[in-house]
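A, B, C and D are the chain letters, set down in written order, and residue numbers restart from 1 in every chain.
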């Protein structure tokens, strides 16, 4: 059987657990302890995971982080299991269930009674923003609980094999993966209560969170909530855009850099922002051929240095190009791309076919604002920040008292800014809980200056303008 | 500015080059970083303070006379945009950053690539240094290729 | 020709355009009519695309569009876990 | 800016638009329907779509029976599949009092021509094989009850009335109702004034606020009621299952999802449409008690709407004594959708001065002045 697992990587080391076996529709599948069901199946060459509800189209591995519905199967008799976030276990029985599964026949054991507790601060999301907020608050004596769906906290940092840009004083030059380690170590040292593998189910009045943990339902009554829930990738509308083999850049990164599994052999990258360029480079590092990067704009969007890395490896970057359709019936077998004119119209006669088995979509991110909206925060569409963002004070408090945001969920920016915003929120929470001090005010000033620094220059102009549009004037409120 | 935002390839006019005189004196850094990116690890990497910037978003300013061509910055640049050229030997050498597998060995013959990934010549690896997982690989290149070669491909 | 907009509820661009032409010209009614954004991903993938289609069809700016209400749970959760009827 | 309309309907839900539909069908289209949000944004778009005829009061049985007949023909009438599934309603009794009451209900229903059956717990389990009947004492079942997708019905009406020339104004909020003596003269909105002498108050949970604008006090009070939906399954559940004892109801939609809710006996009066932790947990606990296999079923989302509740849990229909042309169409106490077809038709008849096709005098607001209230007991939630 095909094996898509990466055995050697220039940057990453994959620590695979011992070999285990599980049953997939009557066939024995080899996996390694620590892999998810979907990752193991994908590594073994499975393309169709489920099918769509009405049009019965094949659905493949897609988001890789348990947020979509593309990998749901029946596992040990339980339907609708997100196999991309469910770890494999020896002897497990996994079955596809198509569009609609049968109502379960078995009755699983009961779960423990919900646990309720009162805490100072709940932080949702363990990326650079959430961790930074939690660290500052905990260092100053707050009882801080940080929830993250991943078993490896660190947010998207854990997928970043490249060295970070930014100030050397703010960890630039460190790889994302190492940065995540540092932040986690610091969080533990500061006494942050880390809850990896937990899902925040919802906001309930007043500042109460329902959380799904491995031990059951947990309810946290808080004095302050920080939503640092990051971003969601933009999807793209084109013909056959749902074929297995079409993934978001995040899904590709998760598969490749967390599970050590290559998405395919030949990848067409759509989008030339930093995400597209960086993931393109990471694909090359994993030994995957990047056939082309296409970009609808007349110029590529990311840093020239990232583009140069790809160009030096012989990867063409075609600007003013877009995808017309994906080719294939059960999975991607190629793509048709064409040139766009100044009015975004296809230029006749420029269509050409590319051979590829993966189409990676990297056409930007939008803030994951679902949680703040649930809490009832007032939102505003700010193009410069990637979509709808909560209106906030300078300290990043939303219009819901005691509910804060930081990082990409407040507006799409770089990881360094996310970390700085997290720190700022940490300070604001300390002030709320314990009153202000010279130390905290000084710290806040420094952080604000740091954020301002990061937003200087041509690449900072856009977010700088965006933030102005959704930040309340302190004087007014 | 040339059309590098369309092509991803810098032209020689975009790059600040050391003078011919400076090139004769010893190895020296070439930084192919032309955008105002908020980034400054190169500044911290230089033991001679030959790279500087006032604001983090400035383009690095290089004191070619202060640079000793030590190549410490080559592996520190997140953009893999720093190279060291040495025209004092024959053939000349160029140190390029490298983060792929396999890692070439000293003495190995590799393809030297240009900015478009095209093979320019066959080069001998004369030095392999690493900082973390990023390597600085020093290649022998013909004098006429020192402004062309910016990458390598292992022949194995 | 299939241009998929809502992967979870399996709704294509054509079906959305059809519903808009039937008078479902706001995000909430469109959501209830076609179930877009009401599947497992809670609209994370499709809603920005639907907003763009709506804006285009109604000649409006994305700024003038509304976001649909966000409902808990953020992620589907089993009744077994919620019921929690086992004493530890 | 001032304009005129023959009648103004306040509320773009099923009752407002249903009434506009019946008016238009009779050729009366000089009607403006005002909706402060979008069509079907209130309780009409938030309820479980149950169509039940098994009531305890004569009035409600009559309304529901006639309405069910009308729902049966509605898909054809409006030219779109309304997803009306007549899978029956299985009503469960959990104590002797309920058994006794159910016996009376069935007797009354059968007397009125409704073919409801009194069934044993074992027979109930035959209808829903997954059901835990350990605490069930008895049940009643009526196979012509069922569910419909409310949103499609309301939008079906909206489309039909627009085609017939009725104007629906969404995002238009009523701010005042002008009254001179015993006559209405105009409805004021945030977008302008409409002169009219006839107003239909179909504002659901907001109907007492609307009535107050015209100086009329209604006994209706809004209460939050919560509901949820699961991930979909292949069809396995025919009827809507309900228990008055628990305040729970659930059924399977055409798309395979289970839709259900449970009422909170401690819910406080007021306009609140936010989701609660109480519901999240209580719904789950009750559901797995009813069908233990629900343990491995996922809830997809929860939401809330408003019951517009009257003291006797029966609707208020018809004009008020103070204002002859101020028609009430509210106080449905959680079952406004299922009785809407006939009350909408009758309201249209009243407005046009026709002889009502069903006698609804007992549903006038004046009934609360006397002591002669016939309490409806069969309210879920």
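Please note the rule applied: contacts are C-beta pairs under 8 Å (C-beta built on N, C-alpha and C of every residue); 3 or more make two chains touch, one makes a residue touch a chain.
Since this is a predicted model, take the numbers as computed values, not measurements.
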item: Result of counting contacting C-beta pairs for A-D and C-D, higher pair; value: C-D
item: Computed distance of Cα centres, chain D from chain C, in Å; value: 26
item: Distance from the mean Cα position of chain C to that of chain B, given in whole angstrom; value: 49
item: Interchain centroid distance [CA atoms averaged], chain B/chain D, Å; value: 74
item: Geometric centre distance via CA averages, chain D-chain A, whole Å; value: 43
item: Numbers and ranges of chain C residues touching at least 2 other chains; value: 39-40, 42, 69, 71-73, 76-78, 80-85
item: Junction residues of chain B, two or more chains touched; value: none
item: Shared-contact residues (touching 2 or more other chains) in chain D; value: 231, 255, 275, 280-281, 295-298
item: Contacting chain pairs - touch in the sense defined above; value: A-B, A-C, A-D, C-D
item: Sites on chain A touched by chain C in the complex; value: 52-55, 57, 59, 62-63, 66-70, 72, 80, 82, 108-114, 149, 199-204, 210, 212, 216-217, 232, 234-235, 237-242, 366, 368-371, 373-374, 379, 381, 383, 387-388
item: Residues of chain C defined as touching chain A within the complex; value: 1-5, 7-13, 39-46, 48-49, 53, 62-63, 65, 67, 69-78, 80-88
item: Contact set on chain B toward chain A in their complex; value: 4-10, 32-41, 43-45, 55-57, 76-81, 99-101, 103, 113-118, 132-134, 150-151
item: Chain A-facing residues of chain D, complex; value: 130, 231-234, 236-237, 255-256, 274-277, 280-281, 292-293, 295-298
item: Contacting residues of chain A [partner chain B, same complex]; value: 8-11, 162-168, 172-173, 175, 284-285, 287, 298-300, 303-315, 317, 319, 414, 416, 453-454, 456-460
